[in-house]
Structure formats: structure tokens, C-alpha cells
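Pasting the structures in now, so scroll down.
There are two complexes below, and they share chain A, which is joined by chain B in the first and by chain C in the second.
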Partner chain A sequence: MAEDRGTPLVELNDISISFGGIKAVDHVSVDLYPGEVVGLLGHNGAGKSTLIKCLSGAYQKDSGEIRIRGQKVEINNPRDARAHNIETIYQTLALADNLDAASNLFLGREITTATGLVDDAAMEAETRKIMARLNPNFRKFSSPVSALSGGQRQSVAIARAVYFNAKILIMDEPTAALGPQETQMVAELIQELKRQGLGIFLIDHDVHQVKALCDRAAVMKNGKLVGVVNVDEVSTDDILAMIIAGKKPEHLAA
Partner chain B sequence: MTDTAHAPADAPRKRSLLETLEVDTRLLGMIGAFIVLCLIFNFVTDGRFLTARNIFNLTIQTVSVAIMATGMVFIIVTRHIDLSVGSLLATCSAFMAMAQTVWLPNALGLELGSAAIAPLAIILGLIVGALIGAFHGWLVGYLTIPAFIVTLGGLLVWRNAAWYLTNGQTIGPLDETYNLFGGTNGTLGPTWSWIFGIAAAIAAVAILFSSRRNKVSHEFPVKPLWAEVSLAAIVVAAILGFIAILNSYEVPTARLERLFEARGEVMPEGFTTGYGLPISVLLLIIVAIVMTVVAQRTRLGRYIFATGGNPDAADLSGINTRLLTVKIFALMGFLCALSAVVASARLTFHSNDIGTLDELRVIAAAVIGGTALSGGIGTIYGAILGALIMQSLQSGMAMVGVDAPFQNIVVGSVLVIAVLIDIIYRKRTGAH
Partner chain C sequence: MSETTQSSDSYESAANRAERVAEFEQHNRGFVGRLQHILHLNPSFVPLIVLLGSILMFGLLLGSKFFSPFALTLILQQVQIVGIVAAAQSLVILTAGIDLSVGAIMVFSSVVMGQFTFRYGLPPTIAIACGLAVGTAIGALNGWLVARVKLPPFIVTLGMWQIVLATNFLYSANETIRSQDIEAQAPLLQLFGAKFDVGGAVLTVGVVFMLILVFVLAYVLKHTAWGRHVYAVGDDPEAAELSGVNVKRTLIQVYALAGLICAFAGWALIGRIGSVSPTSGQLANIESITAVVIGGISLFGGRGSILGTLFGALIVGVFTLGLRLMGADAQWTYLLIGLLIIAAVAVDQWIRKVSG
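After this line comes the complex of A and B, so read on.
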């Protein structure tokens, strides 16, 4: 499937990370093409989040290489990742609870006036614009995000990732804290971003959701990659077997 | 401190008066508590507490702690603490005292009393303060030693570094220009105080209305015009009233005679003049404005509050939180040095015990002013008001004649009760 699509957007080649002698990620390779959603699956502690944090700059890999559009890059911190148009929606959302939505959305990338002071009014205006698109019911622009509901907080985190022209989007369990309606909203957003040509890594526990949203699924167990499969060619039972038993389905094993 | 008692009456109007005015109810509570405190002391002392003279003294006594408290807000907001500020003040004071009385005259051949001595000594002192602060910040941020330990060590180190610098001696009298920062020895006089007061009032009104215009231009909701106008009127009245009080405190005749004598003139019969705004208070006002702008309108301030609210989020947003820690502690060190100028100039000499226990006063001022030790929350004006409340308590009790041990017992209890009230307030209002 991958051969005829040119250079991958992201290549994670032979990545390893250890924490105090435990191999959290053990020689894992995954790639991602423009307009593609790759699901990352596995038990808690399988190494999905750790692997992805190498790409978002939160952790540094011990060995292996990262290529963006074929170019080898070094990502040592979240600033480097942002410079490569990699945006991340963390499972914890990574919001500063004491600040309002606009301050969170622009955190680290504030709009400033000619005098170098932060332009709160301009940032709030931009926030109102993007929220009108993502979550039209959002009204609490001047409250700290601690006063928002789970879904509203999620939409702030998503707005932050989408606003800055991300090319590569990492979503770590974006629907874990959401109700059915909001989950549907996120699913629609993923479809839209995909059409715009973004590459998306989606970490999720829900196998059905991965089947519905992803093009390919990479399954990890105990830090190792079990396999990468096209979701159309496998059943949910096959994927579950990969997660639990750590074996690739037999009809694809050859 | 609470306005909940009026809530049912206001309910049908949908928005209460306070909500319409959009004033910080917490700030209002503090100002209310402060006014009640002043009135009680004034009553008990038969009107001696709220005299122009005592208000003047109160403000100059507050400056040193208040300047440091503004820096402590940033430290506490980022979930750190600085126990070394009193000692750091002593080291900076000792350094500047030695610089102006011994080192500069010897090294540069400057004569004692030369105009260059005070500015040079102050600049050197500010650099030393900022460097020591930055060193603390490096230990905390890059070597990840807890700030409590770094500054607890600093408390001992810098207290005794000051001692070593001066051999434990009292150094003085200090340079006359330098002493202008002390309060009584350096005031603007009535004319310049009025000019400053009027300029400040105009600036305050201009800021209020320009922020309103900015909101309107982005079509954000604004409060009604009458609310804005009455708020502006209160602010202008407060500024001009404060200046009027300071101007009405008259310089004693004997002191005026000496001043005229020093200039080789004879004082005209019946001549009187007021002190006006002390330069040290002017300094505090400038610090307060600059620190407020930093807190609310700069990236640095935004990052400080973001880091306090969620250090991981700040890191993941690409903020260099280690360097940020260095900057915050360097700023704290700089402000300690500035306070050292005010504190030693007020005494007109450097003494070995200068700034002793100031770390506790500064932390208490910041905390009474609403800075949350859990991080992420705090205001500059709150900390200054906190310092003023602490100083009023102390001075007021001394004036009433409360025994020394009881004074400290009361101040300690007030600190704890203030934090308790703050916790209850935050729970009620849903903030944290």
C-alpha cells in the first residue's frame, strides 16, 4: 500500500528508549504518509505514548532516527517538534488550568504588539474564530480553563494543535474523557484534517474506533512492534489478538 | 471579606453592582480589611494613627518589604520559595556600603561625596543582587535542587557574607545622594508631588479607557459607561487624596532651618512646606507598575503563570522552564538589591542585622496578598497591599502600646487567618 505514495511524511526508524534498564521502546519502526491516519494500539505500558513522545519532543530517543519528508531531523525538545509542524494533543491535555482559553491556545507562541507586549485582544479574537469552527457552543473565553467541562477543555487542546497549520498531528487518546456526541465531533474533525492532507498518529484503546478512523494500525506489546496492518484487511478480533497475544494474524503473517 | 450576605437582594437584578463594575472582589475585601484596621487603630489611638505624619511614615516603612514582595509573587507563583531575601538584602547593602565608603574612593580615587559614587555603588549593587539571584535560579532550575534548600542555604550564606564584607561593623554615614532613596531624606516636595499625582491620574484614566476602546474594537463585551466612569473617579480620587495627605505633612521648622542654612540662605519668617511624595515610594510605584506589566502583558509573565499552573504543560508548549527559573530568581535578587538601597538609605548606614527576618515578612506579604503557595495565582498589587497591611498592624500595635511579644503573636495569627479566609473565599467562588 505504501510503495506508490512517494516519501513518507514521518519515518520513525529503529527507535529505542530505556528508562533505568527497562526497554520502554525496543527497536520500533513506523511511518506515516500525508492524508493518512495511523493508529497506535497496545496495552497500557506497551510503549505507544513513549514512542510518540520522541516525535513530540517530550522524550529523547536513545537510538534510531527520525525522518520528516525524507530528511533526517533531530528533535530534542517540544520547540524542535513545533518547528517541524508537529503538533500534539496530549492525553493529559497539557493545559495551564489557571489561564484562559486564548492564553493556552497561544502558549509559547503569543501574538505580540509592536512594542513586544502580548496582545490579549487579538489572541482572544483568533480564539473566538477557531472555536466558532470547532465547538460553536464554546462561550467561556474569559474564564480560566479549570472552569471548563471536559469536552470544552478537549476542544481548547484540539484548537491549539490545529490552529498553527500542523502537518503532523499526534493525538494521545483524544476521546478518552468525552461523551458520545463529543467523540463524534472529534471523529469528524479527524476526517476533515485527513482530507486537508495532514498525517495523524492516533493512540487509542478502542479497537472499533481505530477500525473506523484509521488507515493502518501499528500494534505494540512490551515495547516491541507486533506489526503494522491495513485496517481493511483485518477484523477487530485480529487486532485484539495482536494486542493480547502479540501475534500477527495468520493470513498476513507470510 | 464576603459579599454573599447581599446576594439574595441583588439576585433579581441578575448582575450585582460588583459584577457590573468588574472589580476583583478579593482585592475589595483586602482594601476593606485594611480600612477597618486603620479605623480601629485610629479610634484606639485617639486619631493619632491616621495623621499625615503617621501615613507618611507607614508608607516609607512599607517600601523595602513591598518591593521584595513583588518579586516573591513570581517565585511563589512558579511553586518555588525564596527564604534568602533578607540575607541577600544584607549582602547587597553591605556591598553597596563598602563600595561607596571604601572601594570606590580607594580604587577610582573618587572623593567621598563625589556625585558619581551613589550611582556607581547602586549599579554595582543591583548587578551583584541579580547575579546571586541568577545563581540561586541556576541551582534550582538546572541542578534541580529544591528552592527551599537552595535558599535556606542562601539564608545562612548571604547573611554571613554580609558580615564578612564589613567585618561586622556598622558602615556609615552613607553618601548623601544615596540617602535620598531612604524616605524622609528624599521627597519630591509639594509641587512635584502634585505634578506627579496629576500625571498619574491622567495616565490611569487613559489606560482604563484605551483598554475599553480596544475591547470595543474587537467587539468584546464591556461594562456600562457609568461603571467605567465611577471606577475612574475612585482611582483619581485615591491618587490625588494620597498626594494631598503626603503634602500636608509639614517639614519640621528646625529641619527646614538647617536645610536653608546648608544652602547659605536664611529661612523667611513663617515659611512652611510639606514633604510630599518620598522618592522611595515613587520607586515602589515604578516597581509595581513595571512588575504588573511584566506579569500581565509580557511573554515572561505569561510563562511564569503558565509554569505555575501546570509545569508539564509549560514544558510541552516549548517554554524553557529552567531558564525561566533563572530569570525569576535573578529578578528577585535584583529587587533585593533595590530594597537594600531603600533600607540602608532609610537608616543612613549599613548595619549587620539589616533585613533580618525580612524573608518572613516578604513571604507573608505575598501570601496575605493572595498569592497561592500551590502556584499559578498571585497579583503584584495584592502583595503590596499585603505588605502595607502587615506594616500597619505592626506600627499600629506599637502605637497602641501592645507588648512586643503580643505584637508578633498577632502578626503570626493574622497570617494564618488570612490564608484560611483566602481558602474559604476560593472555595466559595469556585476558583482554586
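After this line comes the complex of A and C, so read on.
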């Protein structure tokens, strides 16, 4: 199957990372192809967020290698990840509360004028454009994001990740703070980005959502990879069994 | 901002409430919300009102004795040193840090400028450059310890305060360089004390420097990417880092710049008192924090305006001069300043609560 699709967009090979003697991620290998959504599943503390933070630059792996389009890369901080067109929606959203939506969207990548000053008007205009697509009801452009609702904050974080032409998108529970309607919007967004050829890692607790949105699912338990399955070939019960029991179901084991 | 934004804001907050109370709530929330909105966008609004109010009050009580170009510019002269140091302090506090070593850096820089000129016979320009470099280096060391070694700013600068002050006394051998000698041999050291008269108002180079410094910093903080990063780092360093801001570099730059500004304050100090004295400026750290707090900059970082700090320093200056002209005991000044500090932090907490 892998041969059919050429070089993977991302290869995480044999990644390990430990915190104070506890192996949070233990020799895990996962890959991701263009136009593919790979779901990462597991209990809290299974190591899925930690694994993905090695790719987004928030953590540094202890061992293993990361390849982007076949090239070995070093990702030491979030700026390195961005240089490889990797964007991340963090579970904590990573927004600066006292800044407004536009300032957050462009934080670290401000639009500046020829004289090197920030161009607030341009940034707000761009923010209005993308928010009109993602969350048409969004109007609080001049308020600090601390004054926004959970869903509004989430849409700012999503806007930031998709605005800068990401090739690889990491979404750590992007729908955690959203209502059903907004969740549906995110699902549609994922489908659209997928059609555009992005590779997406989606961390989610909702097995049904993963089944609906993802092509493959990687299940982790206690820092180890239980297995990677094509979601079309398994039932939600199979996936749940992998999460809980920590091993592949009998009929898939071969 | 625009009327439409405000009305849509209160619209939304009202829409989130139950229908029955909407009418009353909308009015009430609208006013508080609008006030909060104004305070958020213009954090120096409260200190500006307090400043104008206190000038008006003393003007009414004292008449032309206070309300004259001479008296009002005297206030500027009296707050120039604290104003410059408080500008440095503002930068650090915006990153949710604190710098207790500002006064020590200031004094030591002035001693370096003086001693390099008089002990080693260096040209005053070189000696001044050395003093500015020393201040910057100490600030950068503070920043490195905070950003790289991850020590709390309070501890780093508490230690640095003692180290720099002790170095200052050891190096200078507690020796004062007299004003007459400086005037005769190195008048450049007293540059900031040069006075000029504008229709009864007496300004000094130091006063002009303080005003320009504050306006330039205010502009840089508001209109450059670096300024935005300073706010973001103070607001939430983790979010800033994940957003791609180089948090460590920003912190080191802020502390180094604060050190440089303190060294300029040291130069201005020579202009103000005429001599180079290793025992001067002992209260600069506490006075600068006072100005910052009264100026409405949040000690939690990420919110406030450096213009507020200028107003905060001027409020202290107005009360000091006003009460002295009224013949009141100087302790009344301290008592009122103390009240203002507590009131300023209470207002800050209130803004946090409304906006949260």
C-alpha cells in the first residue's frame, strides 16, 4: 500500500521520549501521506500528545528520526516545525489572552509595512477574511481573546493553523470546546483540507469521529504503539478494544 | 474603537443572557463593558485622569504658586531620573518579571563613566560608552539568568542588586567625584543637566530625554513585531513559544535594553546632582516599581502602557511638590502614594475580572 502513494509526507521513525525515567513515548513509528488523515487514539497519558509535540517542536525527542518528504529533519522548536510547513492546533489552544484575534493569528509572523512596523489593518482584514470562512458569526475582532467563548477561541486557533498554507496539520482535540454545529464545521474543514492534499494528524477521543474523518487510526497505550489500522477495515468496537486491551484484535493480528 | 464594534459586543453579551433580564442587563453590562473596553484599549487612561485631577486639585488649593510653568516643569525635573528608570522597569514588568537591580545598575554605570574619565584619563565619550556598555551587559546577564537558567526574575535581580551595589562601592572606594571637577574637565558627563528656558518653563536635556524615551518606547511596543512579542511573552510565555515567538531571545533583549536605559539614567543622574556619587539613587528600584504600578501596568505581565508609567511617575511628582508647597509633613506624601499603589492594583484586578 505504501508503495502506491510514493514518499510519505511525514515519517516518525522509532521515536522515544521520557520524562524523569518514565517513557512517555516508547519506540513509536507512524507515517502520514499527502491527502490523508491519521487519527491518534488512546487513553489520557497514552503518549499521543507527547508524540505529536515532537513533530510540532514543543518537545525534543530523545531518540529516533523525523523525515519530511523523505528528508531527515531536526525540529528543535516550534519555529523549526513551521519552517517545514507544520502547523499545530494545541489542546490548550496556545493563545495569548490579552491580545486580540488578529494579533494572535499573526503572532510570531506579523505582517509588517515597508518600514518594519506591524500592519494592524492588513492583519485584521486577513483575519476577517479567514474567520468569515471558518466562523461567520465571529465579530469580536477588537476584544482580547480572553473575552471570547470557548468555541470562538478554538476558531481563532484553527484559523491560525490553516491560514499559513500548512502542508502538515496537527490537530490535538480540535472539537473539544465546540458544539455540534461547530464540530460539523471542523469536520467539513478537515475534508476540504484533505482534498487540497494536506496530511493531517488528528488526536481525538471520539472513536466515531475518528472512524468518520480518518483514513487510518494509530492506537497508543502506555507510550507504546498498539497498531495502525485502516478505519474502513475495522469496526469501532475493534478500535475500542485496541485502546482498552492494548493489542490488535485477533482477526487483524495477521 | 468604532461604535459598531461596541454595540455588537454588548449585543452579544446581552444575547447570551435570559430574555427577561435582557433590557436591564444590556444597559448595565453596556456601561461596564464599555468602560472595561476603554480601559483595555487605553490602559493609561486611569493614571491620566488621576494626574490631571491631582494637578487641578493642587492648582485650586495653591493657585499660581503651583499652577505656573516654573513649578510644573520643576516636577518634570524632579521625576526625570525615576521616569527613565521606570521606563526600563516597565519593559521588564510587561514580561511578567521584575527588576530590583535597576537603581544599582544606574549608579554603577554613572560611577564607571566618572571613574573611567578621572581615574584612567579616558575621553568622556569613551567613558560614557563604557558606562552604557556596562549597564547593558549587566542587564543582559539578568536576562540570560532568567531566560536560559530559568531562575525567577525576583531572585536574579535581588542578587544582582546586591552584587552590583557592592561592586559599585568596592570599585569606587566610596569616593565622590566633585561637581566642580566634572564641570572643569568633563562637562559632557553633565550634559543631561543642561537647562533651557521656554517662557518661564525650565527644561533640562534629561527631561527631554525622558519624554522622548517614553514616546519612542510606547511607539515601538505598539507598532513593532518585537513590541507585540514583549506583550505576548508577559501574557503567556508558553503560548508565545508555541506561536513561534523566540521567548528566550525576547527576554534577554528586554533585560539588556532595561540595563542600557538604566545606564542612560546614570548619565542623567550626573547631570541632575552634578557630581558622581556612589551612594545616590538608592531608592530608584522601589520608586520605579511605584511609578509602574500607579501607571496601571499589570504586575502579572502582558497588560499596560508605558505612557501610564510616565503618568505614574508624574503623579508621584505632583503629590510630592504639591504637599511640600502646602507645608505638609513629607510623611503625608508617602501615605498618599501608598494608598495610590493599593488602589491602582485594585483597579487592575477589577479590569481582569470584567474582561475575564
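The rule is simple: the second predicted complex is superposed on the first by the 253 of 254 C-alpha atoms of A that agree within 3 Å, B and C clash if a C-alpha of one lies under 4 Å from a C-alpha of the other, contacts with A are read in each partner's own complex, and residues count from 1 in each chain.
Convention: a contact is a pair of C-beta atoms (placed from the backbone, for glycine too) under 8 Å apart; a residue touches a chain by one contact, two chains touch by 3 or more.
Note that this is a predicted model, so its numbers are computed, not measured.
Visitor: Once both complexes are superposed via chain A, do chain B and chain C end up clashing or fitting?
Guide: When both complexes are placed onto chain A, chain B and chain C end up clashing with one another.
Visitor: Considering only the touch criterion stated at the top, classify A:Arg139 as touching first (chain B), second (chain C), both, or neither.
Guide: second
Visitor: Would you check which partner chain A:Phe19 touches, where first means chain B only, second means chain C only, and both and neither mean what they say?
Guide: neither
Visitor: Applying the document's definition of touch, where does A:Glu124 land relative to chain B and chain C: first, second, both, or neither?
Guide: first
Visitor: Of the two partner chains, chain B (first) and chain C (second), which one does A:Leu95 touch, if any: first, second, both, or neither?
Guide: both
Visitor: Just to be sure I read the superposition right, which of the two partners does A:Arg82 touch: chain B = first, chain C = second, or both, or neither?
Guide: Both: A:Arg82 reaches chain B and chain C.
Visitor: Same chain A residues contacting chain B and chain C, which ones?
Guide: Comparing the two interfaces on chain A, one with chain B and one with chain C, the shared residues are 56, 58, 77-79, 82, 88, 90, 92-99, 103-104, 107-110, 112, 116-118, 144, 146-147.
Visitor: Spell out the residues on chain A that touch chain C in their complex, using ranges where they run on.
Guide: Counting only chain A, the residues touching chain C are 56, 58, 77-79, 82, 88, 90, 92-99, 103-104, 107-110, 112, 116-118, 139-144, 146-147, 160.
Visitor: Looking at the complex, which residues from chain A come into contact with chain B?
Guide: Going by the criterion above, the answer is residues 56, 58, 77-79, 82, 88, 90, 92-99, 103-104, 107-110, 112, 116-118, 120-122, 124-125, 144, 146-147.
Visitor: Which of the residues in chain C come into contact with chain A in the complex?
Guide: Touching chain A from chain C are residues 1, 5, 8-9, 12, 37, 40-41, 223-225, 227-229, 231-232, 235-236, 238-246, 302-303, 355-356.
Visitor: Inside the complex, what are the residues of chain B that reach chain A?
Guide: Against chain A, chain B makes touches at 214-215, 217-218, 220, 293, 297-299, 302-303, 305-310, 312-320, 376-377, 430-432.
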